[in-house]
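To keep things clear, I will list the structure first and then write my remarks on it.
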Amino acid sequence: MAHASARRDPARARERTLLALAAPALIVLAVLFVWPLIRLLSMSVEGGTLAQFEKAALDELYVAVLWDSLEIALIVTVICLVLAYPVAMWIVQAGRLGFILGMFFLLLPFWTSVLVRTYAWMVLLGRNGIINRMLRDWGWIEFPLPLLHNLLGVLIGIVHVMLPYMVIPIYAALLRIDPDLKRAAEGLGAPAWRTFLRVTLPLSLPGVFAGSALVFVITLGFFITPALLGGGRVVMIATLIEQQVREFLDWNFAAALATVLLVVTLAIYALLGRLTGGQGHAAR
Amino acid sequence: MDLTLRGVVRRFGAVTALAGVDLNVAEGELLTILGPSGSGKTTLLKIVAGFEFPDEGSVRLGATDVTMSPPRSRDVGMVFQNYALFPHLTVAQNVSFPLEMRHVPKAERQRRVAEALALVELAEYGERLPRQLSGGQQQRVALARAIVFNPRLLLLDEPFGALDRKLREVMQLEVRRLQRRLKLTTLFITHDQEEALILSDRIAVMNAGRIEQIGLPGDVYARPTTRFVADFVGESNLLEGTLLDAGAAEVPRFGRVALAADGAQPGTRATLLVRPEALRVGADAAGLANRATGRIVETVFLGLSVKLRMALEGGLELLARLPLRPSEPLPVAEGEEVPIGFSPEDVHVIAHGAR
Amino acid sequence: MSIRMTRRAALGAGLAAATLPMPAIGQGNAPKPDRIVVNASGGAMANLFRRTYNAEFEKRHGIRVVDTSPVDFGKLRAMVESGNVEWTVTELGGQDFVRAKQMNLLEPLDLSILDLSRYPEAVRDTHVFPSSVYSTVMAYRTDVFPNGSHPKSWAEFWDVRRFPGPRSLRNHPVDNLEFALLADGVAKDKIYPIDMDRAFAKLDQIRQHVTVWWTTGAQPAQLLVDREVVLASGWNGRFFDVANKGAPVSIEWSGGSAKQNAFGIPRGCKHPYWANQFLQVMTTPQLQAVYATELAYPGLHPDTVNYVEEKVRPHLPTTPANLEKQFWLGVDWWTENGQKAQEAWNRWMLRRG
């Protein structure tokens, strides 16, 4: 008994120390995140009515834009997933040099602003952009392909920005998989593709879900890229929220829209959380 | 099915991991590769399993040359050091995995999985996930998975390292029993010489990419052919000296040592091996051909026996191990001066030049 | 080369102004802070701002000017409402100045410090300082429409058969509703109040041919330079800039939507005296001329044009020949109807097809 309590105390002390160390970050979060969130919620129901939500929920404009935004976020997530998975696998398998090279090229875009990258895409994808000029010079096309100022351009731009957010969690998940598991599968008679489907893929799912959640949710908040690369035709919910805040100072309605977006986002998180629940410890 | 390695060489850049290994594991035999880390035993294992390929030499399983075959076509069951159970699959799914890969029909698969789990006494655990099992149970699952498809060869890669001592002994005996019963040709990799002595039909001692000695456990222990083997297998007193004629050797700082046999060229340098349990201390030392006086520097109580570290007058240190009975007190105390001795029959000569 | 000369000449004029002896009006009345904060548009404009007004203010009063950006109406409101007013003077974007005044976000101007006596009566205000004039105009590729063969009215801009090619308009109802009505035959002085249904019906006709609905001011000029489009609406200064750099882009002033840029003093400003002094510096015609010469955004001091080089004058929205082709944006209508129009616009943009 005496032993047990003696052993427990240092653990508690350690817990306390860790809490103390984490406290500044927690306080910052509380002040900079939780408090504004409460303000946001209270603003959305100012005057004690749900009128703002009624407008957000019943007006087909906002419903349609929210729906479009979810659709774009989903497409971006799927494209990112398909592109990121092989990259993550390559980085894991290529070892040290692969890691350095992969991370360099993945993180390089982070050192330039989203705006600059977006303009770079405009230069590349335009009617007289580099890609269309090249294709025309090679005689592959007669008229320029519509790569920009439409949904395609928006998708390309967002996927470019979001790709690292997908690669890194998948990479981390793949890295956590004991390489002996792959050897074990091969040794037990599995060809490479079956090893992938039965072992690697299921064990990397936590990373896949984490990356997907990240990409999906961040994409929902995009507004510069769709405005510039979509030629004005692709409207996302964040654009409308920004419009309400900056142009019309209708902060109550903006708060209601933001709250709806937040709730939808949390619901998606919860859903993904349940899907991942069984996989949480799988990648040991 | 027997396993044969001929002249296997593997280099990693400038480092030679395997410098020409010849080995034959007979059908149904359990052969242990014993060596310190870095001796090349892991590379050897990977080459047998197919995770690495040799630069030179060949690997045969029975009549089949598998030198360059991928792992999946070798039919080798392997138990990994950390078991490598698929964490997202149940115990039954783990054991079923090699059968699925071999397209065994479902009904037969279920029957064989049940059999294999019964064999390792885990019949009730099929629906659990690996992380819900203890270390010993996980190892049994790994074993069941490795044997369920009747492999041509069983590979055990330091499988007992993660278990506590008691469980380790139980598992060692269980693996031995199973291996005998199924007559599985088995290659067992370990750095633990004690484990090797307990389990093996034969032991191959590896050092620096070569097999130094291969033989029965008793032979390897009692009659090591190299100084490395003498030192690595069991505890030992190694005396460096020069052979004289007429069954004797001269050991600096000790003097003349009487030997039971001769035959080696006089003047040859040799290492003399005297196992600690062969040393006699106190009254028992009287009348032995080789005698000296030593001061007890340290006593280590081991339960069944006591280990003594003794300093001789010339500065040499010797280890002795004396049997104990629970009722008797320790026969000697630290700091005491005692006579010690050993008989010529207990001196094993490793003549240099025999490498 | 000629541009460079022009700029240097104008700059010289500005510097000359800086050395003019200024009347020392009541400097003792307010304690001198070590700095004031002027919030205005960023980018190239901020650079010019720093070289002209900021530099002149620092020289005259020995108070450092810190420039911040961007112009943000929401931030202004938040500042005033929280009582933590960081800006001494701020630019007011678009038509926001009317709202700013209505919402009581501005200090009244102190006309004993700020001398607006020579400014046109129409632009004088109790709270809002009219800093310059700009215009949303039609611009075109001169190589696609050479020798005056370009559209000369919004009706012609709408005529895709006679003037084929992709177009760009702003992704915003302001100006576009007016352009649509002009294209539909409404007279310049009959635009307001805007008949939104009629405007959107007219916009329906051009919708297919607008490949880009632009968002940022830099976009339309760049779209023309890149040949993404052959016709675009946009702010005159941006087209002026790329044309100066040699791009085959030119402006058609007909149907241009002129409006004033405005500055104000946030209510609760810490140094209202120095804020007025700063605005007073901004009235200096020689400095306004530098601004006009480089950006084609002339100030409203009547003498400014005298300091602008002859060559640049045809490119200014305030040049009489240009001004009479344009209309003045109906700020009051937009203050009243902006949000409604924006929602209608969003809805219209979202319609498929």
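First chain written, first letter: the chains are A, B and C, and each begins at residue 1.
In the analysis below, a contact is a pair of C-beta atoms (placed from the backbone, for glycine too) under 8 Å apart; a residue touches a chain by one contact, two chains touch by 3 or more.
The model shown is predicted, which means the values in this text are computed figures rather than measured ones.
Undergrad: Using the mean of all protein Cα atoms as the middle point, what chain has its own Cα mean nearest that point?
TA: A
Undergrad: Where the centre means the average of the CA atoms, what chain is farthest from subunit C?
TA: B
Undergrad: Averaging over Cα atoms per chain, report the distance between subunit A and subunit C in Å.
TA: Taking the average C-alpha coordinate of subunit A and of subunit C, the gap between them is 38 Å.
Undergrad: Distance-wise, how many Å sit between the C-alpha centres of subunit B and subunit C, to the nearest whole number?
TA: Each chain reduced to its C-alpha mean, subunit B and subunit C end up 87 Å apart.
Undergrad: Which integer distance in Å separates the CA centroid of subunit A from that of subunit B?
TA: Each chain's C-alpha centroid was found; their separation is 53 Å.
Undergrad: Per the contact definition, I'd like the list of subunit A residues that touch subunit B in the complex.
TA: Per the stated touch rule, the residues are 178, 180-181, 183-191, 194, 198-199, 202-203, 279, 281-284.
Undergrad: What residues on subunit C touch subunit A, complex-wise?
TA: Against subunit A, subunit C makes touches at 72-74, 77, 99, 103, 166, 171, 211-216, 219, 222, 226-228, 338-339, 342-343, 346-347, 349-350.
Undergrad: Okay, in this complex, where on subunit A does subunit C touch?
TA: Contact set of subunit A toward subunit C: 61, 64-65, 68, 122-123, 126-129, 148-149, 227-228, 231-233, 235, 240, 243, 245-251.
Undergrad: Which bits of subunit B are touching subunit A when the two form their complex?
TA: Within the complex, subunit B touches subunit A at residues 49-51, 70-78, 80-82, 84, 86-88, 97-98, 101-102, 131, 145, 149.
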